[in-house]
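Structures are listed in the sections that come next.
Two complexes come next, and they have one chain in common, chain A, joined by chain B in the first and chain C in the second.
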Partner chain A sequence: MKDQRVTRIEDLPGPKSQGELEEMKMPYEEYCRKVFAPGQEKTKPESLKGIRWLSTTMYIFTPHSVANLAELGAECIKVEMPRMGDPMRHTSPFNECYLYPLHDSRPMTGTGLGFTNANPNEYYISMDYHVPEMKEAFYRLVKLSDGLTECYRPGTFDRWKQSYRYLQELNPRFIYVWGGGFGYGPKVFGGSYDILGQAHAGLASVTGFHEDFGGHCTKHSNWCIDWYSGTQITVAILAALYWRRKTGLGTMIEFSQVQAATRCLGYTVPLYGRFGIVRQRWGNWDTQLCVHGIILCGKSDYPDEPNPQLKYEARYAVVSAFNDPDFKELCAIIGRNDLWDQYKTLQQRVRPQAQIAIYKALEEWAADKTRSQVVKTLTDAGLLAMPVMNDKEVYECEHFRQRGTIRWLDDPVFGDVLIQSGYSCGLMSKTPRRVNWIWRPVGADNVKIYHEMLGYPMSKIEEWYEKNLI
Partner chain B sequence: MCDIIWCKECDTVNYLDPYYFWNWEGKIKCAGCENVYYIYMIQGHMYKGPDKKPGEKPDILPVYADKPNDGYEQILPGTPGKTRPYNCLPRHIYLGRADMVKFSARGRPVRGWRPQPPSTGVAGSCGFTWDIQKLSPEVWQEYQEKIKKGEVGEW
Partner chain C sequence: MAKKVREVEINSREDTLTLMGPDVRPWPVTPPPSPEEVAAVYARRKAEEFGKWCEDNLRIEYAKGKPEALQGVRVLSCGLWRMGHKFAAGLLGELGAEVINVEPPEGDPLRKLTPFGREEYMLEDKNGDKCGLDFIHELRNAYSVTLNLETEKGRELYTKLAQHADILIEEYPPGYMDQLGIGYRQLSQINPRLIYCWIGEHGQWGPMKDKVSKYGQWMLDPFGQAACSFIHNTGFPEDLLPRGKGGDPTRSGVWFADYVAGEQTAVNALAALFWRDEFSGEGQFIETTAAEALMDILDFDITWYGFNKSIKARTGGWDPNLNQYAWNPCKDGYMMIGGQTDRLWYRIGMCIERELPIFGRLIHEDPLLKEMAARNALQALTKTYTMTTMWLRNINRVEAEEKLMQYEIAAGPLLYIDEVAEFPHFKYRPWVNVLEDEEYGTLMYAESTNAYQMRTPARVKWLGRPLGKDNAEIFMKYIGLGQTELRELKEQGVV
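Moving on, here comes the complex of A and B:
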């Protein structure tokens, strides 16, 4: 019992030890480098250690919801179809940048790099769980786990007697996630792809330049809505885990990908609700700010590179000078003071005709310059300008290296791979995310899970393997 | 994208493997009859054809075919004389050969070649580390030489 009359040093604000005192005296930059310390994450604890999660998922969207848990330290078991595995292993990219082996039965097939980041740190078992013979093993895994993420068409797991309705009878604390295209409703049978999420939610309709400028509605080249939706599921899972701490009960999370993508659209929906206005595409410019967009410069930064992505494409720069003094300065730099005379207020500048004239003048000025020259000239004048970087430049960017965003990982099975590490998802001082391995071959942990965890005899495992059940 | 050749004579839809045919010129035989069609694809688009070339020798068979007007009769991949087997082996888009590597861009070993030695475990299970020195001694040797030559970097 604490004596309230006594003031203890540990109750006072401020540093409690010499070490903490040193930390308090450090410059903030140095303090951040010390507490986050990329590369030291494996010396620190994992926040989700003790959580066990099943992943009966495919492609990127639902696997990524489990990948987030696995990077935070949960023990995740990826269940794949025997011999074949997750189709994402065979999906991309198409020019054989594959890592081998995939499975003993398929010596000439590997896993494509498209699988990266979606399933790190997981244990890989194979199981054809809709076969009655495997039901017992599946249910036993459920009893020993905290939750499951699945991605089958709505009702498929129900038909196989392994939906939330069935599993909560076995394990009332079980958290069950369904993730897919549409979910229940008029389009219940629709499957999902990232492009579908972008298109059906209306996101693609406001991406890209307007047709008046030769543009079309555009999807993002990468599957950004898959990654985004997967992360949204993880948020729901963490909330469900917290809810379970309070109530002791599991929950079901039903997550429609097309629904999630509507969230990215910001003011689009309320705008329609108030005025009936259907938002339009405005490409690399901004409807609210001008200048605040991407311009094309005349010369490449890499004129002699054989790679066309460098030779021709490294010509874009972000320019931002939307408040009045900045815009005035920009006009002076490009030698077009007439634009400043004409468009002295933001209200005047954001109008379409003004934007067309201003960006045209900017690109004319940049026509005989490289992207670096443009960025340097504008930055030296105190304006915000930044090159539109490509993969090579992201890789070489010192900022990303120091913060551990892009890292080389010596994967224990597959060797040297360059990845966006766990640090690309934000830094945590006490319990940082980490990537221990990128993935493992199909069924690589069959013995570990079926024999060592569930206790099935080796003869049973061999029998299942012979029958193609695992 | 998967392009098709719909043979109107035998009412068979021949499906062309999209990866193989991204950039391809040649003759393909209908799975339902003896007709041979010439096609020329550039980046997945049918640039020329399909043109009927009766009696000519085909270069390849379709990967899959069906007859949608005939109760969806399917001709699965690997049916002798009709379709070719589909081995699920994506190829290099131009050469038809795997672009296999032993070392990453910074010169360290990566398991990017095949076949690899089979796992020693039961039911496809395998250990947690790839002992490169033991399992791929020739690559290990090559790696040591790269280190000596200073071709292995940190970044």
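Moving on, here comes the complex of A and C:
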């Protein structure tokens, strides 16, 4: 017990040692670099140490809810169908890139890059749940775990006697997540994908160029809504863990991805509700700010590169000057002071006709310039602008390299892989996220889990393997 | 049938606005499906019992009678313009955390933003102050206090508030708070349990860190979207649409990168909270940026570059990894159809073949389309989608959906917000919901995604907040400022 009458230096606010005093005096950037210390992740503890999570998931959306946990240090076990594995393993851009093998019985079939980043750091086991013989092993796993994320059609796990109705009896602390498209309700059995969420939820209707400009509803590239929704599940899981610390009780979370895409629509929903106005697309400009958009520049930064992505596409720049003095300066730079005279307030500038006139003037000014020239001219004048970067430029960008967000990983199975995930979803000074491996072949950890953790004899595991149950 | 005829004179768009309010045109226009109709849906797949169990345990109608997961967690949130800190704090607030949003006395500039500068789309609170809808929709369950951090007194009060906080989410330019003496370095000395989160576009350190223009203008989304190759990858290629008319790299219609950074901040903060309470008792410093958080979710794109120097190109509504997985035009808009594994892929084909027999011959019997992975080659995509569109172009979205749902295929129409609000499943849950706000009247909003839980569902209690509405309560509760002192501070321009 501390003697209350004694004042100790460590109880007073302020630096407590020479080292801390120096830390207080460091330039801020240097301080950030020191506390986040990219590359030193493994010398620091994991936030979610001791949490064990099961992932009976496929594709991107539900796996990502577990990937976040795995990066934060939880022990995660991914369960896949024997031999086949997650369908995402059979997915690769234009069928181009695979890492081998998929499974020890299928050495000539590889895992496609589509599987990347969705299930890092996890242990991979295989199990065919349909079969009653495997039920006991599944229940043992549940008893030894904190929670599970699944993505099967509603009622499927219930039919197999492994829905929350059954599992809460086995383990009252168990946190059960169902993630899918719709959940209870009239379209309960509707399947879903990222792109369905974008289409159904209204996100696509506000993305892309307006019909009057010749545009169509546009898909967010990648499977953005899958990943984005998965992260919101992780928020729910962590909140449930927080509550469980107090009460000792688990819960069931039902999460619908289609809804998550509506959640990020901002003013779209209240604008319709109050005024009946249906928001439309506004291309590369902003509905609430001007100038704050993307312009096409006339010349390429890479005129001699054979790759069309460099030769023709590296021509776009973000230009942002929506505050009055910024806009005034911008007009002076492009030699169009008349635009400033005409549109002196944001309210005037942001009107559709004004935006059309202003961006047209900007693109005319940029017609004989490269993207880099445009960005340099504007940033030298103290305004905000940047190139629209492509994968090559992102990879080569010194900023991300120094921050450790993009780095090469010497994967224990697949060797050198470039990764952009895990380290890039937030720097944490004391319990940073980390990537240990990108993925492992189907069933790679069957022995580790079934034998070492659950205590099944090796002969049993061989028998299951022969019968195609694992 | 209208009961009585009203006298209205319409000279401009503005005169119609009062005719569209929720009192005149209540939502939903047509009632949602009844529980009996939905029970019949469950029965069709022999899941009556399970369906009933779900409805009894997960329905949002019961949410308000259940406890809140993050009760007792106090979150301080401050930032201007952007969505990141609002979304992060909103997610925590929906789950029961107490959120205090700190703004300068003149308010967050986002309060002033409205689409195309139309003030008539802003809502008035009881004091007659107008607020934009983006701000109202994204600031959820948050108390509003004002503090001028440029003054010494303001910083002192801010520090005292931070002593009471578990999580602080800050979104100011890099080093701004530190320079004022109220950044992580200083606050962590006073409150070592504080979890301090900074959100930005590119970062607060590093060669490409966030900048402010020489006149003080901030970087906002899409600077985050542009810095991670998302914009470069999104949109239609020039082969499909002319450049300048949609065939360009395209930004998201919303400030998407900010949302992604916001939710990852919430994850990191909650993980840090778990570590603090379970193991160490210590807070920490967290930094999340829009560019990097969005880069995290760009599939394998950078990995692909590392594999063979591929620079991902735009592919419009198609996906180079999956077949079928696209929306294609039909008679009255676009119809999305997805199904990649053999089981689903052939089911889509069976549905289409019923009306377009040639589809079976050209697609199902093509040896190059037999293997799942091989179907992702460009010519395979072109062929499949051409044939699918041959079927779609003659039917409407509703018909297509009905037909595809018979085969239990993941398919759905591309909807605009008015259609979203009336889509049966959206109405039934409901995913767009209305609440009667004390200040702003009846508001329609996108429901919390975590509101469907058995024990601790999230909930939206109020939206937006008049500027400084909770000054008196919060400053009394956590700092002990009485009315007289508060009045003095107001005169000095501190609150």
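In the analysis below, the second predicted complex is superposed on the first by the 467 of 470 C-alpha atoms of A that agree within 3 Å, B and C clash if a C-alpha of one lies under 4 Å from a C-alpha of the other, contacts with A are read in each partner's own complex, and residues count from 1 in each chain.
One rule holds in what follows: a residue touches a chain if its C-beta (ideal position, glycine included) is under 8 Å from a C-beta of that chain, and two chains touch if they have at least 3 such contacts.
Just so we're clear, the structure is a prediction, and the values are computed from it rather than from any experiment.
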* To do: After aligning the two structures on chain A, examine chain B and chain C and state clash or fit.
  => clash
* Should A:108 be classified as contacting the first partner (chain B), the second (chain C), both, or neither? -> first
* Which superposed partner A:185 touches (first chain B, second chain C, both, neither) -> second
* **Partner with the higher number of touched chain A residues, chain C or chain B** => C
* To do: Identify the partner contact of A:417: answer first if only chain B is touched, second if only chain C is, both if each is, neither if none is.
  => both
* Give one of first, second, both or neither to describe whether A:217 is in contact with chain B, with chain C, with both, or with none. => second
* Asked: Thinking of the overlay built on chain A, is A:339 touched by chain B (first), by chain C (second), by both, or by neither?
  -> neither
* Asked: Can A:408 be said to touch chain B (first), chain C (second), both, or neither?
  -> both
* **First (chain B), second (chain C), both or neither touched by A:255** => second
* Asked: Is A:441 in contact with chain B, with chain C, with both, or with neither (first, second, both, neither)?
  -> first
* Scan A:90 for contacts with chain B and chain C and give back first, second, both or neither. => both
* Indicate the residue numbers of chain A shared between its chain B interface and its chain C interface, in ascending order. => 90, 94-97, 112, 408, 417-418
* Structure fact -> Given the complex, residues on chain B that touch chain A span 19, 87-93, 97-101, 103-106, 108-116, 118-119, 121-126, 128-130, 132, 154-155
* Asked: Of all residues in chain A, which touch chain B in the complex?
  -> 90, 94-101, 103-105, 107-110, 112, 126, 401, 408, 410, 412-418, 437, 440-448, 450, 458, 461-462, 464-465, 470
